[in-house]
Amino acid sequence: QAAKFPGIGRDATSAEVKAWDIDVRPDFHGLPPGSGSVARGQQVWEDKCASCHGVFGESNSVFNPLVGGTTRADIEKGRVANLQRPDYPGRTTMMKLPTLSTLWDYINRAMPWNQPKSLSVEEVYAVTAYMLNLADVVPADFTLSDRNIAQVQQRLPNRNGMSSAHAMWPGKELRGTVKPDVTGSACMKDCAVEPRVASLLPPHARNAHGNLAEQNRGVGPQRGADTRAAGAA
Amino acid sequence: QAAKFPGIGRDATSAEVKAWDIDVRPDFHGLPPGSGSVARGQQVWEDKCASCHGVFGESNSVFNPLVGGTTRADIEKGRVANLQRPDYPGRTTMMKLPTLSTLWDYINRAMPWNQPKSLSVEEVYAVTAYMLNLADVVPADFTLSDRNIAQVQQRLPNRNGMSSAHAMWPGKELRGTVKPDVTGSACMKDCAVEPRVASLLPPHARNAHGNLAEQNRGVGPQRGADTRAAGAA
Amino acid sequence: AAAGAVGSARAQSAGDRNILELPEHSKGLGQAVATDGYGKPSKYEANVQRRQSPGLTQTRQASVSFAPLQSLFGIVTPSGLHFERHHQGWWDIDPSKHRLMVNGLVKSAKVFTMDELMRLPSVSRFHFIECGANTGMEWGNVAVPTCQYTHGMLSCSEFTGVPLITLLEMAGADLNKGRFVLAEGGDGSSMTRTIPMDLVRSGEVLVAYGQNGEMLRPENGYPLRLVVPGVQGVSWIKYLRRVEVGDQPWGAKDEAVHYVDLMPDGTHRQYTSLQECKSVVTTPSGGQVLLDKGFYSITGLAWSGRGKVRQVDVSVDGGRNWRAARLQEPVMSKCLTRFSLDWVWDGKPAIIQSRARDETGYVQPTYRQLRAVRGTRSIYHNNAIQSWLVEESGEVKNVQLG
Amino acid sequence: AAAGAVGSARAQSAGDRNILELPEHSKGLGQAVATDGYGKPSKYEANVQRRQSPGLTQTRQASVSFAPLQSLFGIVTPSGLHFERHHQGWWDIDPSKHRLMVNGLVKSAKVFTMDELMRLPSVSRFHFIECGANTGMEWGNVAVPTCQYTHGMLSCSEFTGVPLITLLEMAGADLNKGRFVLAEGGDGSSMTRTIPMDLVRSGEVLVAYGQNGEMLRPENGYPLRLVVPGVQGVSWIKYLRRVEVGDQPWGAKDEAVHYVDLMPDGTHRQYTSLQECKSVVTTPSGGQVLLDKGFYSITGLAWSGRGKVRQVDVSVDGGRNWRAARLQEPVMSKCLTRFSLDWVWDGKPAIIQSRARDETGYVQPTYRQLRAVRGTRSIYHNNAIQSWLVEESGEVKNVQLG
């Protein structure tokens, strides 16, 4: 096929593929051999992660808390019970995470945020182990490695929490459904709805997005509403 | 029809229409009453026009020369003979002008270039008269006015020089033709052409449009040619 | 207040002084050609900007800016106003140093330069791109005031690039075993997403370098991004450096921890990629004030990740009665479609809605219909019918109906 | 020289250092969202600019800048690169003070504000705009080196506006007697042109304020311009302030002294408004250097003022043999159409041409065919087939064949 387009493209060298092919799949295809202990991970975490994510991965200030909200019972079932509670505040990474590869791969490619791809393979194993320990998935004396990672996967709190039985994957690869789960009504006249306003912004939020007068063109069918508090400059 | 769109648009006042409706048509519809002499026109010209167009309308430095290239014979026939000569250098405004309204209207709306719409009606008559005199269309003691302008039109050198018998007016209003005057050939194979290069830029013009390397994207199927003279920095 | 001032420029007597007194620009000489070799909008358009939603994200490099849909016409989004979503900031990458690698289940892994990619046969297609989290703030209740914030993670461009299938074929990809493709970015986040081979095989997925006639903007992935028509924006990998063919999906961070849809039973839907049929009225819309009673053209945008929009209905009474809107041609697949409907506002409160249907027969749901199945905690893929309340004052507010 | 350097970044052994040594942007944090509320192209795109042709005009306010067609993709012209043609400079007009007047053969003359015009039902359509003088420098012989200068008075946008017929109807225009419309600008030149009522009545002529999703750019007539599809750019009056309905054409300066086509017999054709079917190969094109032998996608633009492009043929041997090119969908009426054709360059000299046909059956002529009827002094409406000579060095030159 390359012959169709003479002069275009070339074979990659194996060193090139090695340099870029870093992805790790749920079946751990792509995972480089290596290992790292919880203890080592704690050191990495406190040096390179805690400033943003908090010492226990609890920080709200930069992003979602990474750890929290999972229980021993979840680890047994592989389903995080708190995800069923509409009143549960926030969802941590660990609550959602179905595949351990995802955590390893993401830390390896993207963290620390301002110095991505700076961690050694050992550091990635270690800090992953540390996060798993924070969530009580592995004990404090654990060493995570390419040889035992598949077993640890079997203890992830939300490993059974995912479904692809839906109509929103555009292809037959995942064997979802084709029929959408939700459909609207095509009623055109005297439809059975009661147009009652159930939600709108409270008055105190009126200027929360800035003065909307300045967010609309100064000419046209309408203007932006002046949302400054009465009397403001 | 306005009723279809309540609240949109309003009637123009007569003062508003007067302020903006300045166009003058070939039948002199729209021409305001007034007059101006060649002598007055010469004064206007020298004060307000000559700096750009030259004292005799001959300037090449700002735009085409305005006057020149017409003869008494042309005035008789209403066709400018020089337009038939491929070797005649340049075409002045007066050589092409078929309708006197065009000149009056354009000066009135757009000249002087840096102060358009600053001339009085009398000044427009006068300076038009002056240009006509430069082209020997009217004598030096002539006063152009709304009452005699139609007669002067009958002396314009190129008044019979226009045709709308073509297929390039998109409508039936001018009663041109519908059949295009030129058509290509749809030949696809072994067509009877001799692909001989008959014209290309001379080498000394190579850099006349600047360095073409800097006028093409730095990435893609090709680069711009470096057109600086060999050895240039 | 704004409403009162307008139109008053017309004097009562002789006429409008903006007509009677010729403006400066009628009486002077303007600016030169190529004053700007690359031009800018009018200074009077300064309000038309993409904006962050205050408090939505904690950093500005893992954040989003919203396109000002309330001020746009037609279907093309000016590239300068294209919404942004970055996970680790944006870059302006030297294209002469950028490479694309193809590996995985292929006969021979390949490397392409930009020069080479741009020599291959390309196509140009108009497509919308919508973030899977667009309108996500509104799952539970009204959270933001204008359609810039409710729907502004949406843009539409003419994209130019090489069908990904061409490159896979050049590498000798195994298209039977290789039922999935990984796309990976070259920036700090090196975003990864699993792309359905069915879509790739159809020729729709593009390795794109062009956007609206010029190169992609840096914020949109210059010099190379994947275009995955109909699929949420997170899959349109920017700064694309690599594609890998594989036999299983990758469970990337944004396929396992984000861009997963939480259902009422506590499970997440994974690999929910497609953007279902949706629409929004942009004029009039939240945060605006109508100047006057009288005629208006209600207009907005409709789109579907499954193909073409077939019909858009508009209601001005909160959904009791609907009229079919005009659709602006050309109606293109997986592309924005502009709709409009004549309306005479009588000055009374009105609730304006639009409801789109696509060529598969899918009808855009109400909030009630959507929440009945998916609850209110999904974050992603909120395609419910949007309601705008026009108050007697002319002010328009974002509302949800009960 | 340029050709030699390319590709050499790949080391002979382990591989390309642009891959082996991860670039800075793979290892750092990028820039924030909304760094620019209105974004700009990459700094690496600085060569993509509109430009004047040196010596073509004596002032820069009565002049032209040319769009860089050699660097554009698809059919949309980025508004920042839209060609310019001004007669008395450009202005940035306050839209709140701009008015449109409708008068002449109407029941009542009308005045509209921008607020009002923007409330009326609008349409959005993709159309090309070409200056009647485009390619005019080349009537007699080759005069300029690149397609920016040969064909760059050409652009294509999505225009949004109100059909002019709507406004005429609101004013109660006499559409029987009133067979012509005058359009007049509000700038210093107050450009006037006569518009055919047939076109107006068809609904095609628009009073436009939108261009590519945003407002018109100041250089293109902000806030209001006439859009006259298929007709040369000079009729697309910018800063539109007035339209008048009349029973005769107006013989405006640009209908009587310019934009008249000099024929061999010394007569001028007047009111030659339509842009006939035309095309140009933009890649490869004059002033470029091919980097290498091998595969190329020849691509270019075709258009017709009479409707849709039906077919484009491409020759690489100076017109002896032709192959039908692929046309990119959607093919729209009076709009640019992108075509492309696969080509493997063997390193030998080649002469590349394109030839467009439209839905009326019209076939774009050669220079020989065009000159046989119109001579060489017409200035306007040169739609001859363009030839590009690819030399053995890879350099491409503008040539005309004998």
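The first chain written gets the first letter, and so on, giving A, B, C and D; residue counts start at 1 in each chain.
Following the convention adopted for this analysis, contacts are C-beta pairs under 8 Å (C-beta built on N, C-alpha and C of every residue); 3 or more make two chains touch, one makes a residue touch a chain.
Treat the numbers as computed from the prediction; the structure is a model and nothing was measured.
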Partner chains that chain A and chain B have in common: C, D
Most distant chain from chain D by Cα centroid: A
Cα-centroid distance, chain A relative to chain D, in whole angstrom: 46
Chain A and chain C: spacing of chain centres that average the CA atoms, whole Å: 22
Separation of chain C from chain D, taking each centre as the mean of its C-alpha atoms, in whole Å: 27
Multi-chain contact sites of chain B, meaning residues that touch two or more partners: 4-5, 7-8, 10, 12, 16, 20, 113, 116-117, 217-221
Where chain C touches two or more other chains, by residue: 6, 10, 15-16, 19, 26-29, 44-45, 48-49, 51, 71, 88, 95-96, 101, 111, 115, 119-120, 188, 190, 215, 223, 241, 291, 294-297
Pairs of chains, among all present, that meet the touch criterion: A-C, A-D, B-C, B-D, C-D
Complex interface listing, chain C residues touching chain D: 6-7, 9-10, 15-16, 18-19, 23, 25-45, 48-52, 60-61, 63-65, 71-82, 84-86, 88-99, 101, 111, 113, 115, 119-124, 158-160, 186-188, 190, 209-210, 212-215, 217-219, 222-223, 239, 241, 291, 294-297, 299, 326, 328, 330, 332, 338, 340, 342
Parts of chain C lying in touch with chain B, wherever the complex brings them together: 10, 14-16, 19-20, 22, 26-29, 95-96, 114-115, 118-119, 215, 223, 292-295, 344
List of chain A residues in touch with chain D within their complex: 4-8, 10, 12-13, 15-16, 19-20, 113-118, 217-221
Interfacial residue positions of chain A with respect to chain C in the complex: 1-2, 4-5, 7-12, 16-17, 20-23, 25-27, 29, 61-63, 79-81, 83-84, 86, 91, 93, 96-99, 101-102, 105-106, 109-110, 113-114, 116-117, 161-164, 166-174, 176, 180-191, 193-201, 205-206, 208-210, 212-227
